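Each of the next two complexes has chain A plus one other chain: chain B in the first, chain C in the second.
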Partner chain A sequence: MIWRFTLRRLAVGLVQLSVLIVAVFFLIRLLPADPVSRFVGLNASPEAYALAEQSLGLDLPALEQFEVFLFGDDEEVGLVGGELGTSWVTGSSVNQEIRQYLPVTLELITLSFLIAVGLGVPIGVLGAVNPGGAADKGTLIYGLFAGSQPEFSWGIIFIFVFFVVLGIAPGPLGRLSPLTDPPDFVTGAITIDALLAGRVDIFLEALWYLSLPILTLSFVLSGPIIKMVRENVAQTMNADFMFYGQAAGLPRGILARDALRAAFAPALTLIGILFGFMIGGAVLIESIFSISGLGQYAIRSILAFDYPAIQGVVLTISALTLLIYLAIDVCQALLDPRVSV
Partner chain B sequence: MADSTNTVLSARGLSVQYANESPTLSDINMDIAAGEIVGLTGSSGSGKSTLAYALLGLTRRGAQITNGEIYFGRNDLLALSDVELEDIRGRDIALIVQNPRSALHPMYQVGRQISRVYQTHRGSGGAEAHQRAIEMLRLVGINDPERRADAFVHELSGGMAQRVLIALALSTSPKLLIADEPTSGLDVTVQAQFLDTMWETSRKTGTAMVLVTQEPGILANYCDRVIELDAGRVSKDVSASEFVSTSMLHTTQATSSGQGEGQNRAPLLKVEGLRKTFPLRGTKKVVQAVDDMSLSLFAGESVGLVGESGSGKSTVGRCLLKLLDSDAGKITFDGQDLGVVSGEALRRVRQRIQIVQQDPYDSFDPRWTIEKSLLDPLEIHQIVPPTEARAAIEEGLKRVSVDASVLGRRPKDLSAGILQRVAIARALLMKPDFLVLDEPTSMLAPQDRHIILDVLKRLRTELGLSYLLISHDLTSVASACDRVVVMYLGQVVEQGPTTEIFEKPVHPYTKALIGAHLEENPKTRRVDRTDRVDLEGEIPSPIDLPVGCYLATRCPQATEACDKERQVLSSFSSHHDVRCMRAGQLELDKAS
Partner chain C sequence: MRLTKGYDRWVIFFAFALAACGPSQPNDTDSSSVIYITNDVPAGLDYDGAASVIPNSQEGIVNLMDPLIDYAPGETTEEGVGLLNFTSFEGRLAESWSFDEATLTWTFNLRRGVKSCVGNELTADDVIYTFARAKSVSGPSPTGWFLANVASIESFDATVLADENLRGLGDEVKKIDDYTVEIRQSTHNQLFLPALTTFAIRIFDSVEARKHATPSDPWSHDYINNVTAPAFGPYCVERWEKGNEFVLRANPQYYRGVPEIDRVVFKKVPQSSNRFIILRMEQADITKGLTPREFKKLREYDQLQVVGVTGNETLFVHMNFDSPPFDQVKVRQAVAAALPYNWIIKNGYIGQAQIWDGLVPSSYPGGKSTFHDSPEGLDVARQLLAEAGYPEGRGLEVYEDALRLSYPIEKEAILGPIATAIRTALRDIGMPVELDPIPLTQYGDRQLVKKDLPFALVDHEKAIVVDAGYAVQLFFVSSEAGAVNNMVNYRNSRVDDLWTEARAERDSERRYNLVSEIYDYLRDDVVWLPVVEYRTQWATRKGLKGFVWYPDNGIRFADLSYAR
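On to the complex of A and B.
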């Protein structure tokens, strides 16, 4: 049952992605932009311009360009062959570049979510169990603060406080000290690569350098998570089945587990949506802390009118988001039998 | 009453209070003897549910037991620690509640919910507990308990979920079972089956029971003793028969004003071959709500339309007002074919046919005063000149015995019973020829129910009002209708004069329905009757209907032919039609 659901959803996702590919491909070509002169300069001779236009493939009619993008030409295999094309800026394959930048972002936001969920869930539960208590009041004050400013401003404040004033955190210099040799590229996530290379020192250094960006992101993310968990748990505790469980003399441990299970399902959706959003949305944090992740790559490509790279990024983010939503739905279905799949 | 040697539980000076409010319960004293079934009754808000929970040492959030002792065995429950109380709850004193579907956890299989309570209290292994769960499900009459144990609560009907809850409650063999309105929301036949099971189990196992209910029928049929609460105090503690004989609630017996002579005139309303289905989203299947429905109603006649939930009776009512378009069939009202009227003519028809809905709070705008709600339709339909409108609505209220002082109030300030009478008054202000009453009493307390029925009966004689009373409550129909139409799964299975249907029902479904009717008389208790016709199992799905007789799967008298042959409504005697090919045969069998 769940397999059939997953397959069906994957098929639907494929259709969605196809529509998206078409839309993105033609929409960026509708932009009032001239990528060719960006590469050859405004003063280039008409011949040089024509040559550049040809080498970028922009001399062909849009439909033929799309055909090349899908099915490739003499040099490339195209999207059906699994290739996103070659970046106009760097001249290397978009696949490879995404392969390099995506894990950086995933690492950053995964670690941030682990912390945000790890703290947000217990705090939310405490707030619900003991309304008006310390955890609840703290959440309220924190909510007023955290929600009042965007995440990049918190990033800057944290850098100022912890690096400039207190000097207890590293500067915003990326994922490692510039003097350290990074471990061999395996997964692209530096903490994992360090462990794979057997370098615990690099692993710890990476965590150290990532601590401020993670602190910033998890600080902002835990707000909605705490609120959601608090509301759900509070609602569950008032539910008839909890009262009945008490009347049936079930021990407190079992009752607590019952409440969490019922409350967690809706919170899961929120976490998934936030995660999907953050793949592209962490860009400001990446910029502030000089972490070259997918968001940075996307901005760079857009500013440079690097069409193949833009297409690649949009496709990657959409595909990942679809997969995450699917994963949430499958988890929901496993957790809650009322969700029909 | 209870002598001290076999008392299971006794409460002394019990008081419960919600924060900063006047006490919900004050100084309650009561005793429950082993094996005794005690009815706990009182109007809504009298504190009976609060008392039921308090007997377990429990309160809803925000409330507190402020005073008193509850002796259970040698222990005072209120003096025990939480952990000690946990042991007693569910093991020695068990609870079943009104809303079984929300009382069970939505994400665990029901079998597991039973077995974990059993495991908690009897310290058995998992496999043994699972066996116990299945055994209990079988005991409470659930077919195929092995499969049902793996079901989740949203997959069960209300009746089935209630059985699961009682299986859970009784799995630990408690000494006392507290049942808080366990059958509200269940259909009459399911209610009777369920209460029978509970009664039999209690008699078999010697479990004492506290049965919270507002229904005098349930008190009379299943209880040994009745405790009545009034504003949080015990106002009566008497035997069931004494309670019923002193209670002001007396059903007026079936009355038929014998409108037979009217049958030569053309009927005011005629329905022929009405059919209504609802498409099932995302599939080609349909839900069949009404099929091959025919009905005639003469001016001045009152007809009752009865059937359990899902029988299509409300859909019929809505089709009559053209609130729903029917798929097939013809509805004629005073010579007009309602299928073709539209525009101004339809507006006229809608003024002449009025409807009173089930929930009065839903049929009034909560922000409007009663006066505005009553004046509005008068203006729209220009029934009376504006200068006389005020007098007309006061007159209208008087007709339903409601004081004119309600005019300045808003719906939330009125009780459901009063508001429902205002709803009837509003419908009558339109000077309708015909009134559809869709379950007008089912949301009301028994007292209010009687008042509404009295009003209807009076209007019938005073104004010669014709109405169709849609109800699952046979008592209402018996007392306020000349004729009865019985529906099952969208079809009319039997129709005839009220007295004949109630005294000599022919169709097995009608028999079961009437058998399930709990009379407010301890001398004719259902559990003492031997000639009961009980239906088996559950009502089939209106999506995949049986090929032959719709009742065949549940009918104790079904033969092989019943499974295959579609049944037709045919005349049984004058003015009495039955949809059962074995009707004549069954009567002969009975006679011999």
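On to the complex of A and C.
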């Protein structure tokens, strides 16, 4: 049953992705600027323009360009062969660049989510099982406080307080000190690569440099998670089966655990949506903390009208988001079998 | 707000926890390495690649590759910044050179014993390879060919772009022996030597470059764009993570002496405010590209220094001759008279600028400084506007689209307030100006390719070849006469004729007079409206010395050292 459900959702996801490929390809060509000017260099003469246009493949009709994008040409194999093309800005393979930038963002947001969920869920449950109590009030205030300003604002405040005023946190210099040689690239996530290389010192240094961006993101993300968990658990605590449990004399801990399980499905949806959003949405945090992740790459590509890179970023984020949504649906189906019917 | 006692304890606990697990900070640097924080690191190292238009990429190139010749050192400013003598050249990879007037042929004698990063010795084959590569126009932005064309090297003309069969190197660049090369010009042109000093046409290590050629990429563009530019410069690439870090190590065999700064770490810190605080906290050694206000603030700290020069960074107003009402000279003059120059210097650049009184940077030889000799002020501007047929601005409302003042949105922090002050001044005389910040790529497309930007603020255009005539060829002769970046669609047959004459003129004084006459026309026609020249600045730790200003504004780290 669950397999059939998963396959059905995968098939829908593939159709969505195909539509997106077509839409992205043609929509970015409607942007109000011609990218050739960016690449023509010092010489913007008509002859130089024509040469640059030819070298970027933009002299071909749009449909022919799409065909090359899908099926490649003499030099590249195209999307069907798993290639996203070559960046016009750097001359590097877009696959290679995404392989470099994506793990950076995934590492940042995964660590942030681990902390946000690890703190948010117990705090939310604590608030719900003692409604009106001190913990509940504290939860409410924290949730409001964390959600009161956007993440970049908190990032700037944290840099100012912890780095500039107190001098106890690292500067916004990325994931490692500029003087440290990073471990060999294996996964692209520096904490994992450091451990794989047996370099505990670099692992600790990476955690140190990532501490402020992670603190910022987890602080902001934990707000809605706490609120969602608290509301759902509180609602579940008023359900008939909970009253029955209370009447049967079950301990509060067991009641809270059962309430959490029942309340976790909507919270899981929220966490999944937030995670998918943050893959592209962490750009401001990346920018503020000088972390070269996918968001920064996306912004650079958009500003330079680097079509192959834009297409690559959009498709990657979309594919990942679809996979995350699929995973959420599967988890929902496992938690509540009625969903998969 | 006072923290509660409990919360206070948590803050202190968190602070100690962070401090306890934190490794050493990057300010533990020694005097043989520097951390250079910059808005981006090189995106490519191929001067014929798309990334060559990006100043960060050019900065990478000039630290890896050396030219045949360069300008001789000039004076040193009070702040200790070295200037170049733009009328005198000295050898780099070429030890000496000569010119035969009769055959228009330059002979370069190469320095012996020059070694690249991988240990290959410089020979004439490297020079031949470099020019052959330039003529192949195989990169998307063939800057090498373009500058060879500017220098009038024979057969490096526009036909090369159109006809694939003309892209092979003939005997215009010829190997005489292993250490001698001849280069022939098609016509006498004084831009030849200046063009050789730029970031392009620097010499490749052909032996190493050829090793990375493939059938589909015979000129190794992929390798040079993604790994390194094999060459004979002072530094070699140690590590390069695009969009993040670029690390250079001194070339141990550099022919001019191993640089004192052994290791340079370019670290991308995109936000200027972050670069400011990182330097302020002494966790880096050098930065640039801060706002004028941030530079001013850094001057207050004893452990830091800010040095700079009035080089070739300028701000001008672009008014398109094909976009009414800017087709009328009186309107352009009215704008020139109305601009709040002093406000822009005092508030826009915090005093780190001066009125630009010509169309050539004042640091370049041969420019005239008479642009702002005419009376200026709002009353003069109103009078000029009335003479143009728009008293109090009446009648200008039909040009709503043309009166949108564009500037790159990426430069909002600096240009935004200046644009607002200009709008206020122009509204005062009745011109209904609105602001129109747009992305740089869109801006470039409209300015350079479509040439349909009516009204704009420009602070990033500069002539990298140090010559008043080069700017004429690049920006001011008509497109029909061969200008490549005539962004305001200016057409003046007299200017075209004068430049044709000046370009081939052998006598320097006569050429100067011809170019001066051209600039008189440009001034009278208000082809561009020069506003200010602003200072190129670097903020560094105190003790770091040896900065030299080059026309590409890139730092040469081999020039730097720490005061003992």
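To be clear about the criterion, the second predicted complex is superposed on the first by the 328 of 341 C-alpha atoms of A that agree within 3 Å, B and C clash if a C-alpha of one lies under 4 Å from a C-alpha of the other, contacts with A are read in each partner's own complex, and residues count from 1 in each chain.
Definition applied: contacts are C-beta pairs under 8 Å (C-beta built on N, C-alpha and C of every residue); 3 or more make two chains touch, one makes a residue touch a chain.
Quick caveat: nothing in here was measured; it's all calculated off a predicted structure.
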| request: For A:Tyr49, decide between first (touching chain B), second (touching chain C), both and neither. | output: second
| request: Identify the partner contact of A:Pro122: answer first if only chain B is touched, second if only chain C is, both if each is, neither if none is. | output: neither
| query | After superposition on the shared chain, which partner residues are touched by A:Asn238: those of chain B (first), chain C (second), both, or neither? | reply | first
| task | Could you tell me if A:Pro150 is touching chain B, chain C, both of them or neither one (first, second, both, neither)? | result | neither
| query | chain B or chain C: which reaches more residues on chain A? | reply | C
| field | Where chain A meets both chain C and chain B, residue numbers | value | none
| Can you name the residues of chain C that touch chain A in the complex? | 15-16, 18-19, 21-26, 28-29, 33, 35, 37, 43-44, 46, 49-54, 137, 139-143, 146-147, 149, 158, 161-162, 216, 221-222, 225-226, 239, 241-245, 265, 267-271, 274, 277-278, 280-281, 283-284, 410, 439-442, 444-450, 464, 474, 482, 484-485
| note | Listed in rising order, chain B residues that touch chain A in their complex are 53, 56, 58, 60-61, 85-91, 94-95, 97, 99, 102-108, 116-117, 120-121, 152, 154, 168-169
| query | In their shared complex, at which residues does chain A touch chain C? | reply | 32-45, 47-52, 55-56, 74-75, 88-92, 97, 100-101, 159, 162-164, 166-174, 177-179, 181-182, 201, 204-205, 207-208, 211, 287-288, 290, 292, 296-297, 300, 303-305
| message | Which residues of chain A touch chain B once you look at their complex with the stated criterion? | response | 238-241, 243-252, 254, 258, 261-262, 335-338
